[in-house]
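Have a look at the structure below before the remarks.
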Amino acid sequence: MAMANSLQLVIVTESVIENTIIEEILALGAKGFTVSEARGLGTHGMRSGRWTVGGNVRIEVIGDADLCERIVATLQEKYDADYGLLMYTFPVNLRN
Amino acid sequence: MAMANSLQLVIVTESVIENTIIEEILALGAKGFTVSEARGLGTHGMRSGRWTVGGNVRIEVIGDADLCERIVATLQEKYDADYGLLMYTFPVNLRN
Amino acid sequence: MAMANSLQLVIVTESVIENTIIEEILALGAKGFTVSEARGLGTHGMRSGRWTVGGNVRIEVIGDADLCERIVATLQEKYDADYGLLMYTFPVNLRN
Amino acid sequence: MTFEPVVLFFLLGVIAGLARSDLKIPGAIYEALSIFLLLAIGLKGGVKLAEYPLASLLFTSLVVVGVAALIPLVAFPVLRYLGRMSRADAASIAAHYGSVSVVTFSVAATFLDQHAVAYEGHMIVYLVLLEFPALIIGVLLARAGTAGQTRWDQLFHEVFFGKSILLLIGGLAIGYLAGPDGIAPLDKLFFDLFKGVLAFFLLEMGLVASSRIADLRRYGTFLVGFAIVMPVAAALLGLFLGRALGLSEGGAVLIATLYASASYIAAPTAMRIAVPEANPALSIGASLGITFPFNIFLGIPLYWWMAERIYAGS
Amino acid sequence: MTFEPVVLFFLLGVIAGLARSDLKIPGAIYEALSIFLLLAIGLKGGVKLAEYPLASLLFTSLVVVGVAALIPLVAFPVLRYLGRMSRADAASIAAHYGSVSVVTFSVAATFLDQHAVAYEGHMIVYLVLLEFPALIIGVLLARAGTAGQTRWDQLFHEVFFGKSILLLIGGLAIGYLAGPDGIAPLDKLFFDLFKGVLAFFLLEMGLVASSRIADLRRYGTFLVGFAIVMPVAAALLGLFLGRALGLSEGGAVLIATLYASASYIAAPTAMRIAVPEANPALSIGASLGITFPFNIFLGIPLYWWMAERIYAGS
Amino acid sequence: MTFEPVVLFFLLGVIAGLARSDLKIPGAIYEALSIFLLLAIGLKGGVKLAEYPLASLLFTSLVVVGVAALIPLVAFPVLRYLGRMSRADAASIAAHYGSVSVVTFSVAATFLDQHAVAYEGHMIVYLVLLEFPALIIGVLLARAGTAGQTRWDQLFHEVFFGKSILLLIGGLAIGYLAGPDGIAPLDKLFFDLFKGVLAFFLLEMGLVASSRIADLRRYGTFLVGFAIVMPVAAALLGLFLGRALGLSEGGAVLIATLYASASYIAAPTAMRIAVPEANPALSIGASLGITFPFNIFLGIPLYWWMAERIYAGS
């Protein structure tokens, strides 16, 4: 899928909404994603990954600027107020 | 190992071939690597990390453009057809 | 926290000093961090994550160049000699 | 008042947590222990259930569940107006206290066994039935008169197919279908090891609770008081109901414990999904940081003491 | 036809999976359970093995393994020409069905115990011996007349030092060397808990199988038919062989079950490495999504029923 | 010299490791097993402790711990001047050998049980007491006459609230408080399964040790020799002390084993934090790669043989 001008969008959020977020991402047109477990601290407090608190997930999506824009806009509107959420992008070169 | 012009190569692939891929990377001259567990969706379908399906691993290698080129070329030729494989690079500044 | 000119600082180090490193990072002014489990190979040998050897952690901090500079300088001075440690930065666009 | 030795493991966990020890039960193990406990309790209940005519259970079950609905309905205004909490927070905490705690129930049953007090085997059915109605009441309270749309489908899914209910009901069904003889070869795992696993679980709960205790200072004395007074009031309701239903003294203590206990497995997840604007630290802090230890150390012996008074007076 | 209560846990897992419950057995637990099962079976077999003269086992073992080679050799042309599958896919599926399933075997043994049917203790030796030859046959079939180079060294390594074979053979050796008395102090873990652990394992298998059921629609009715007819045919072969070898009725049912069962632990990994161009979803979908549940619910009682007819006619 | 069958699991692990098998015990399971072993040993000791007057234990405990301090104090100059190691490395290895191994102790106790040799129940108290003083001596040795600042607060915290000590002492206290009757319902988990869990643990230790064996070539023959001679010398010290203290023959073997064993749970973490410039591969390679297998296969039977000679001569 070697294409120019790809962006990597990284989403760090609460694992309790992992499935919901992934459904959103796919509905918005992502062709794939990669998820890994994480924990962390942010404005919503410590998320140590212990039960009853829950941990974070780190979701990575590679796509064009347009797709990333749509995902960012949707998640920000629907989940940013109530859930721990961090999103950032950076350009990458796809190599296969 | 502070050197200029380093690239971070990220390889997302099936955990069943983790050891094989790491041998290739070291044989091609990488001085180190970092591995973490992941799961994901791509053209080879969902890899949820449940047994019988298996999960992915995310392998990161920092090196110069040459090394990354060699790794990309080798893995693409030998593993891209049969295994789930995603590779991308981006420039980073090494700080120690 | 959408701000321009953010850097992502990635620190890969031994899990035995995770808590110590995180205290340093917060004391130096980081507003948050994300941690995930990793394993790897570097100049300090293989860290497979098996017990008695221990694994690595991958700590990500997003902040301005100043903060990253302070963290890099502190960790390099205090931990680079005795512990496995890799640090690198790259620019990212914060999206929320 | 004596207590069950198994609660000493909770204490050990609290000490380890407060001392910032590196002791931690890995998440995978915690998950496995909780699947074990839920299945084992379900199986135990299912085997007992086969001994009772189902029809006779129907009426008492309706009463036990109906009366339990009072708990969140009383807790909500108390939290909202006395405690001056936001609607979402009050509703979420009310849901936690209306639902039940499987581990508290297990400690109470162990306590009764230790003191050789008999109780009806079908209590476990009430445990299953009491787990979820309060969650729905909580969401209704949070949404009453507000415009916020609720993810009702997600809530119902979470409530009925969330792992706690699914394992409890699944175990109940398997125990009922297989009967005592069919389950016998599983006894060595599910019944003989039960108390040991409970000890392990309490160790981890102590570790987690200790991190909650620190948070509590921030929430103020109102919530701390609520987390102690509410269970005692609910337990009294349970004791009188138990007597009215003609249950044994041990059975009444178990109803009291169910009413007094607050959920910290099913409720937090359900509330995070259905009432995300509620602060989870408040509800979990109160239920796990105060009510749970209160119940296992003081509450259960107290409810038994009260039961003896109430039954003596009949 | 009655079935073993333990299979109800598989059903519970399927229901949870289809209902998209959040129930999941953590990977680490699944790993530990499978190490437990493999070691326990090996130990059990090793203790029994000590009771038989090894030489007498050699001949029957050769026959049981030799006849089993027919299974992949018949399955391959059926899949390739009747099923119009690619060479790689046909070879990989043939390898899965030629190999065996440890859990299916355990459910069959439990079934026989429950019905108080005796069987020879050395059956477990066949289980170990049958696990790998089909994997090598599968790779040979995939590579016959093609230019593709095979990672033979990796395959042999995977087959002989892969954890299933290693734990089975290791357990066998330890059981044999230590004898019943040496193993006795381990009985409480490895034997008393065996059936309970099997129940847990079946719960997880149900969860995984449910995700495979959805896939199956895509593979068409041919594969579904194959996944039911093939085991029954193989079981018949096993029953007649068992009678010819003078085994007890119970022993014949176990040979039949071994022949009928399809691997989903050793085979998928080995095939992914040695025949990577085969689609793993097809082989795992058939073996885990259809053949496994078919065997534990219908197959085992059916093979027993057939065994009674065949042995009555002798 | 016969050995305990349970050590065969260690051998299986070594073989799997050397053959580069994909067998591995997941980290979460390893963690859980070690929590189990530490708690179980603590509980066992606590129950026994209740049978002894605490005051009478105080004197012998002081002697056993005091004499044990000789071990790191002798090991350090040997490593530093004979072995030409850096100050940090010599100090860290000395600390490992001065501390003790819970698993080696358990194998020795199992060995004595198997040979029906009696021993005093309070040995476990010595196990707990011997775990940490050597760690502090090691840090003092590393820092003597150097400018390097030590993270003393972190070290003390690690030593006293690190999970090994915490679980051992916690178990001891719970066992002591609850007494045999209070602990009885936990026996099925903590005592009946103990030996099986030990087998599992030894399997994993074999896997890890095998990776250490390869490293050892690099460290040279001096370290290998040290890792065998040091335990035997320490064991002799322990045997004579045991006799002098009037312990039973079995008790003396256990003191000998404690002195001979080297830590690989508490010590590595503590040294990594307090003496980070020491190379962890050296100390863990010696203690886990050589001393541990030496002790469980040859050392324990040897110490028993020596005990018989020494006690016969009294």
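Order of writing sets the chain letters: A, B, C, D, E and F. Residues in each chain are counted from 1.
Heads up, the rule we're going with is that a contact is a pair of C-beta atoms (placed from the backbone, for glycine too) under 8 Å apart; a residue touches a chain by one contact, two chains touch by 3 or more.
Fair warning: this is a prediction, and the values are worked out from it, not measured in the lab.
A.B. asks: By label order, what chains touch chain A and chain E together?
C.D. replies: Chains in contact with chain A as well as chain E: B, D.
A.B. asks: Any chance you could name the chains that touch chain D and chain F both?
C.D. replies: E
A.B. asks: So which chain is farthest from chain D, going by the mean of the CA atoms in each chain?
C.D. replies: B
A.B. asks: Measuring between Cα centroids, what's the chain most distant from chain E?
C.D. replies: Comparing chain centres, C lies farthest from chain E.
A.B. asks: What rotation angle takes the CA atoms of chain A onto those of chain B? Round to the nearest 5 degrees.
C.D. replies: The rotation relating chain A to chain B comes to 120 degrees.
A.B. asks: CA centre of chain C versus CA centre of chain E: separation in Å?
C.D. replies: One centre to the other, that is 47 Å.
A.B. asks: Please tell me the distance, in whole Å, between the geometric centres of chain C and chain D computed from their C-alpha atoms.
C.D. replies: Going by mean C-alpha positions, chain C sits 41 Å from chain D.
A.B. asks: How big is the gap, in whole Å, between where the Cα atoms of chain B centre and where those of chain C centre?
C.D. replies: Centres of chain B and chain C (C-alpha means) sit 20 Å apart.
A.B. asks: Where in chain C do residues touch two or more of the other chains?
C.D. replies: In chain C, the residues touching two or more other chains are 36-37, 90.
A.B. asks: Can you list the residues of chain D that touch 2 or more other chains?
C.D. replies: Answer for chain D, listing residues that touch two or more other chains: 24, 26-29, 31, 193, 269.
A.B. asks: Mind giving me all the chain pairs that touch?
C.D. replies: Listed by label, chains in contact pair as A-B, A-C, A-D, B-C, B-E, C-F, D-E, D-F, E-F.
A.B. asks: Report the residues of chain C in contact with chain F in the complex, numbered from low to high.
C.D. replies: Touching chain F from chain C are residues 14, 16-17, 20, 45, 48-54, 81-83.
A.B. asks: Within their complex, state which residues of chain E touch chain D.
C.D. replies: Touch list, chain E to chain D: 5-6, 8-9, 12, 15-16, 19-29, 110, 192-193, 195-197, 199-200.
A.B. asks: Under the stated contact criterion, what part of chain E meets chain F in this complex?
C.D. replies: 26-29, 31-32, 35, 157-158, 161-163, 166-167, 170, 173-174, 177-178, 182-183, 185-186, 188-190, 193, 269
A.B. asks: Tell me, which parts of chain C touch chain A in their complex?
C.D. replies: 1, 6, 8, 26, 31-37, 62, 90-96
A.B. asks: Which positions of chain D touch chain A when the two form their complex?
C.D. replies: Touch list, chain D to chain A: 24, 27, 30-31, 154, 207-208, 211, 264-265, 268-269, 272-273, 276-277, 280-281, 284, 288.
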